[in-house]
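One structure follows; several queries about it will come next.
In this document, chain identifiers A, B, C and D correspond to the written order of the chains, with residue numbering beginning at 1 in each.
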Amino acid sequence: MTALTPKDPDYRAKVEASFARQAFLATIGAHMTALEPGRCTLELPTRADLCQQHGFVHAGATTTLADTAAGYAAFSLMPAGSAVLTTEFKVNLLSPAKGDKLVARAEVLKPGRTLIVVRSDVYGVEGGKETLVATMLATMICLAGASDPA
Amino acid sequence: MTALTPKDPDYRAKVEASFARQAFLATIGAHMTALEPGRCTLELPTRADLCQQHGFVHAGATTTLADTAAGYAAFSLMPAGSAVLTTEFKVNLLSPAKGDKLVARAEVLKPGRTLIVVRSDVYGVEGGKETLVATMLATMICLAGASDPA
Amino acid sequence: MTALTPKDPDYRAKVEASFARQAFLATIGAHMTALEPGRCTLELPTRADLCQQHGFVHAGATTTLADTAAGYAAFSLMPAGSAVLTTEFKVNLLSPAKGDKLVARAEVLKPGRTLIVVRSDVYGVEGGKETLVATMLATMICLAGASDPA
Amino acid sequence: MTALTPKDPDYRAKVEASFARQAFLATIGAHMTALEPGRCTLELPTRADLCQQHGFVHAGATTTLADTAAGYAAFSLMPAGSAVLTTEFKVNLLSPAKGDKLVARAEVLKPGRTLIVVRSDVYGVEGGKETLVATMLATMICLAGASDPA
């Protein structure tokens, strides 16, 4: 990816304030560990209450992490005075989601003015070893003239 | 959809026992309200701790509901002695997810022996009025010779 | 689907003129057989030169039909002085694409101002009997202030 | 991607023979330019009869190229005596498909025994300069005990 230039110099404060309002991310226990223009990394310690019937992290929790990382990778490039919404995503689940924690790394593929396409990969981390558990392809929309919170 | 015949006459008990092991569904507060061969309905009362930055239910929670309904619509058709896993899904988010509760209705489109393709629609319900908030197209895989829990 | 009102009273002429400029649709031999606001039907007689390695219609040809039907279902709702582009789609291939002809029927699920979400189903028709061979979920964008051709 | 080992030592001959039977690829004028285990590259010279209403290559032709490259990237890893079919894919269209030719490069992300997940990127090439025009995420299925042609 070529270097991306944020349109809003205060993108970091904007993203962090928005993330702090995401109650569902607090509910599942995720936090942001890295942010740069067009890229965002989130981590989620695995917990029994996030799991599905086989004891792996539920695809919905994995998706929550991937989608949120993708949204903030996109939001980091948007101008001030705009809001971000997910319009659609597709997820392929490649391996059981397990380990000490999940890490989602999102990267903008196409920084359009209205639509921003983002790839977001989720890894299960066990003892420092990473396994790709899911990959997402997502489209984010920039709501110009809106505020976040909208 | 033409009527679908379950290969496992005990499909209902099997699906309900599996759903009861889904800790993440309990965490978000979802419950199953209808099940028949190839169809499943789940409900999720909306709560502040499920929301994203604008106060709507997070796409990840909406997806959790849609994916789980899709998985059990598929699982209801699988033979005894098999387990279900999601291989992939795509979600389009059509309207803000809000209301008193969300309802996900999943319906099998193609009951293959190995792969089962399912559509799952999520509605926001406010005072009895339903709005389509998301639609999912998902592929489930039947793990023959596995048990659930695997 | 509730009845949809076209913003452009000349939507039919606009769609037909645009379809006539789609050289690739002529190459594969597809034609439009029905159009109403938010809905479009295309047909493609099967031909040996459209097939993949097993003698079925190639997923790419099936997708071409589904995508084009989806695009014109969306375009039929757009105001005059705008153009339509596909931003993304997902296709599930449910059965081998065969028969005398394929028929794609597209229906708008969400007629947004900027983004229009469309479902498009493709059927194989053999002796009057229809089999669902593929289902698509697509997002179309309205390029306001553009013309078609852009 | 870690190096992938083909289960069929004759994978190259098998893939090339299958590609040669793909009549639709000949119809649009595509050819294979590279193949190694888990990776495949196809090229498509642009032609007026492949275009949509704005004069760009139709999304369906772009998809045909991406899907076929993905299918053969997967097929290169399958054991002898099996056939490949696409079960689903999602495409994001990032830029207008134009240039002297399109190049699709597919890479296996997850070489499962039954399902193989592949990423396939399509570039428009103009005077040696490449622009990413589309990205696909696809699931291929290995039909064991089948032959290709099936």
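What we mean here is this: contacts are C-beta pairs under 8 Å (C-beta built on N, C-alpha and C of every residue); 3 or more make two chains touch, one makes a residue touch a chain.
Predicted model only: the values in this text are computed from it and were never measured.
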- Query: When chain B touches chain C, do the two copies use mostly the same residue numbers, with over half shared, or different ones?
  - Reply: same
- Note on the structure: Distance between the CA centroids of chain B and chain C (whole Å) is 29
- Query: For chain A and chain B, what's the span in angstrom between their mean Cα positions?
  - Reply: 23
- Which residues does chain A have that touch at least 2 chains other than itself? 87-88, 90, 92, 117, 139
- Indicate which of the five shapes (line, ring, star, complete, other) describes how the chains touch one another. complete
- Message: With touch defined as at the start, can you tell me which chain B residues reach chain C in the complex?
- Response: 90, 92, 94-95, 109-110, 117, 119, 132, 135, 137, 139
- Which chain C residues qualify as touching chain D in the complex? 18-19, 21-28, 48-55, 57-61, 63-65, 67-68, 83, 85-93, 148-150
- Quick one: which bits of chain C touch chain A in the complex? Just the residue numbers, please. 87-88, 90, 114-115, 117, 139, 141
